[in-house]
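In the two complexes that follow, chain A is the common piece, with chain B as its partner first and chain C second.
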Partner chain A sequence: MRAMEAGFADPVSDAQAAFRAVLDAMARPGRLAHFAAPAEVPPGLGRAAAALALTLVDMDTAVWLGPACAPAADWLRFHCSARLAASPAAARFAFATAGECPPLAQFDLGTNEYPDQSTTLVLEVPGLARGGALTLRGPGIETVEHVGIAGLPSGFWGQRDMLHELFPRGLDIVFVAGNTALALPRTTRVEG
Partner chain B sequence: MTVSVPDPATAGDPATAARQRWMRVLAKAMPGELAAACAALGQMPRAAFVRPPETGLALLRGRIGGRGAPFNFGEATVTRCVVRLEGDAAGPMGFGYVMGRDKNRAEQAAMLDALLQRGNEGAARQIDKLEAAQAARIAAQAARAATSKVDFFTLVRE
Partner chain C sequence: MIEGYNFAYLDEQTKRMIRRALLKAVAIPGYQVPFASREMPLPYGWGTGGIQVTAAIVGRSDVLKVIDQGADDTTNAVSIRRLFANTTDVATTERTEEATIIQTRHRIPEAALREGQIMVFQVPIPEPLRWLEPREAETRRMHAHADYSVMHVKLYEDVARFGHIATGYDYPVVVDGRYLMKPSPIPKFDNPKLDRSPALMLFGAGREKRIYAVPPYTAVRSLDFEDHPFRIEKWDESCALCGASDSFLDEIVVDDSNKRMFVCSDSDYCQTRRAHGHGPAAEAKPATATKDAAE
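Presenting the complex of A and B:
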């Protein structure tokens, strides 16, 4: 077995801190969350993505990995006891990079009875910034927030807009870039 | 009482069998024995935790009924730890699993496993010593039990 990168140095405190960070990011779309742990990151995942995996993934949540994230499969099995899903539609969590993200409708969008069972997509992008070209509106945002998300394929926002009419079904997305994360729950409207 | 499920991919492989032997010896060593074995090896190489020592419950299964069906008969406190030897990037990972909640013991078992995977001869000698001590303990207990053995050969039915 290949020598593995370590997980959280202090599993309880580090996972609680990361959970709080992603919870705040989901509750306040447009604000950036920062992750300092884990100290070592596996191949295929950035630090924020690795922290989300260690915090949210366990043996009950099937994970789908995009091709660029696939080298992290052993690490996910070791630290999270995670099952790998064969297709995006069977995954509770999906990790992918922006360039190779499958069409958003291919993920599990939940059911009208259980919309919470949809896939949460963790999408690695080249850069995240506050005050960019995108305007966010919706729950958790007092007026508007402006963010910049780099490297998304053309047509991405069109695909996401198509999901709005399915509400309460939908897709929650966490964009990650290195140590930072920006959450975009299904309720947030994006313009620009 | 152990229920072991052989992995068809590695069953019968001599390297796997050797590792299974020392993992069994390390898991069954008495608390002081692992510390003594590590002390006997002198300076330990630098290592990083891949999984810091953590304590949890392991489900115990056994064939304890008369019919021989597997039965979940309880849980045991187990402490486990995984270390990675530093120095070479592809350094082996050592796994330690011990009963109880002694984190030092789990770390010592993991360090010894990593050293043994590297072919450390001093560690291999310590395993031989631990195995002999365990065999002696079992033999002593068997001898003590044998003194209370009752022979029923006179109770042959007519």
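Presenting the complex of A and C:
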């Protein structure tokens, strides 16, 4: 029998540091957030994704796992007391990899009255970089930000653009690559 | 530091719930996210919303400043600062530039904020439409449809009755061109500081159980009319202590014969100016041509 990977070594401080990192990433799209904890990561999740799960997921949030993230299910149940959602539409948090991301419109986009009741998608990609081919505009960005997000399937940005006209409904995405994360809230416009 | 409580008073599950609400608030600028506000060791009305937001974000390396109507040394500010000193051991300061988190009751500091700073506002009534439409289901639908005509009518009725928009504080704003938002009862003097600020602005309403946010560099427009543009307050006087003519002034009655004195509401701004050698304006009062006719 395989031993379960540990969670945060210091649950209070590590969760606080991880939350501030993702809060800053969500408030300033295009900036990279870095995660030093947890020291061990479960199969199926990178360090940034694992840190976000330990920080934000608990018994009140249903989680959907893409096929490549499914091996983390036992770890999520043990450390976060998380319920697993049967479909992306039933999930408050979804963890997936870029290659197998369901169509974005399948996630819960919230309602016009309660747009906060929407899925937050944590999407593992092969690489994140500042100064890439994508141009970001919107709240949290002084003029423009340039970033590179590797490994997304063709048509991904087209799907995301389709969601803009639904605002305030929408999908907030945190792209993660190993220890780093970059957030694109629903308000960020992406070109290029 | 008091033993027996979790870091920053709140338990970890409560912090997770508030943190999830904060992320959605930042993602939907100006939208009020419902949250399960907790009982705090202060009564509702004493900043419990702001305290819960601060407790959910504060960490050991933060430097906390707390102000009440601009001042660091008033009862509300002192007791909230002491609560966090007792439950977190974080460094506290009265200097705006040194702070990483500034919890505030009803003011934004005069000194320019910078990237990386977080303002936490204590909000009594978060719903800008509440005095115009008491039903929550209706105001929620009005926000969903961006139907804010009733607020424009209210401001127009002000113009029709008083000749100007008679709202001095909690002046309604539109965030990122979409959501109508109450900027907590800051004086309208502070509204321009919300617009495209480099700092992150978080708002917490404890009794009303709402959290909302304005991300950095986000457009925040005060509602007005072409022929009645938004204007901030101006004073004929300058601060009686530091001579500042660009800050928000409090009028204080100083004796039984109704003698008055105007001083900066922002105590740190005033003290910093005095430390740099500024004093009361020596000459007769400057010309009064700048007075806002609307005031």
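Here is the rule we use: the second predicted complex is superposed on the first by the 190 of 192 C-alpha atoms of A that agree within 3 Å, B and C clash if a C-alpha of one lies under 4 Å from a C-alpha of the other, contacts with A are read in each partner's own complex, and residues count from 1 in each chain.
As a working rule, contacts are C-beta pairs under 8 Å (C-beta built on N, C-alpha and C of every residue); 3 or more make two chains touch, one makes a residue touch a chain.
Since we're looking at a predicted model, the values are computed, not measured.
Enquirer: After lining both complexes up on chain A, report clash or fit for chain B versus chain C.
Expert: In the arrangement built by aligning on chain A, the partners chain C and chain B fit side by side.
Enquirer: So which one touches more of the residues on chain A, chain B or chain C?
Expert: Chain A has more residues touched by C than by the other partner.
Enquirer: Counting only touches as set out at the top, which of chain B and chain C does A:Ala3 meet: first, second, both, neither?
Expert: It touches chain B, and chain C stays clear.
Enquirer: Could you tell me if A:Arg186 is touching chain B, chain C, both of them or neither one (first, second, both, neither)?
Expert: second
Enquirer: By the touch definition at the top of the document, which applies to A:His79: first (chain B), second (chain C), both, or neither?
Expert: first
Enquirer: Touching A:Arg28, do we find chain B (first), chain C (second), both, or neither?
Expert: It touches chain C, and chain B stays clear.
Enquirer: After lining up the shared chain so the two structures overlap, which partner does A:Pro11 touch, if you call chain B first and chain C second: first, second, both or neither?
Expert: Both partners.
Enquirer: Touch test for A:Arg20: chain B only (first), chain C only (second), both, or neither?
Expert: So A:Arg20 only meets chain C here.
Enquirer: Rounded to a whole Å, what is the shortest Cα gap between chain B and chain C in the overlaid structures?
Expert: Minimum C-alpha separation, chain B to chain C: 10 Å.
Enquirer: Which positions of chain A sit in both the chain B and the chain C interface?
Expert: 11
Enquirer: Which part of chain A faces chain B closely enough to touch in the complex?
Expert: Interface residues on the chain A side: 1-7, 9-11, 78-79.
Enquirer: Which bits of chain A are touching chain C when the two form their complex?
Expert: My answer: residues 11-13, 15-17, 19-20, 22-24, 26-28, 55-58, 60-61, 92, 111-116, 118, 120, 138-142, 167-168, 170, 172, 185-187.
Enquirer: Taking the touch rule as given, give the residues of chain B at its contact with chain A in the complex, in rising order.
Expert: Residues 48-52, 54, 82, 84, 89-93 of chain B touch chain A in their complex.
Enquirer: Sort out for me which residues of chain C touch chain A in the complex.
Expert: Residues 6-7, 12-13, 15-17, 19-29, 31, 33-34, 56-60, 116, 140-141, 143-145, 176, 178-179, 198, 200, 213-218.
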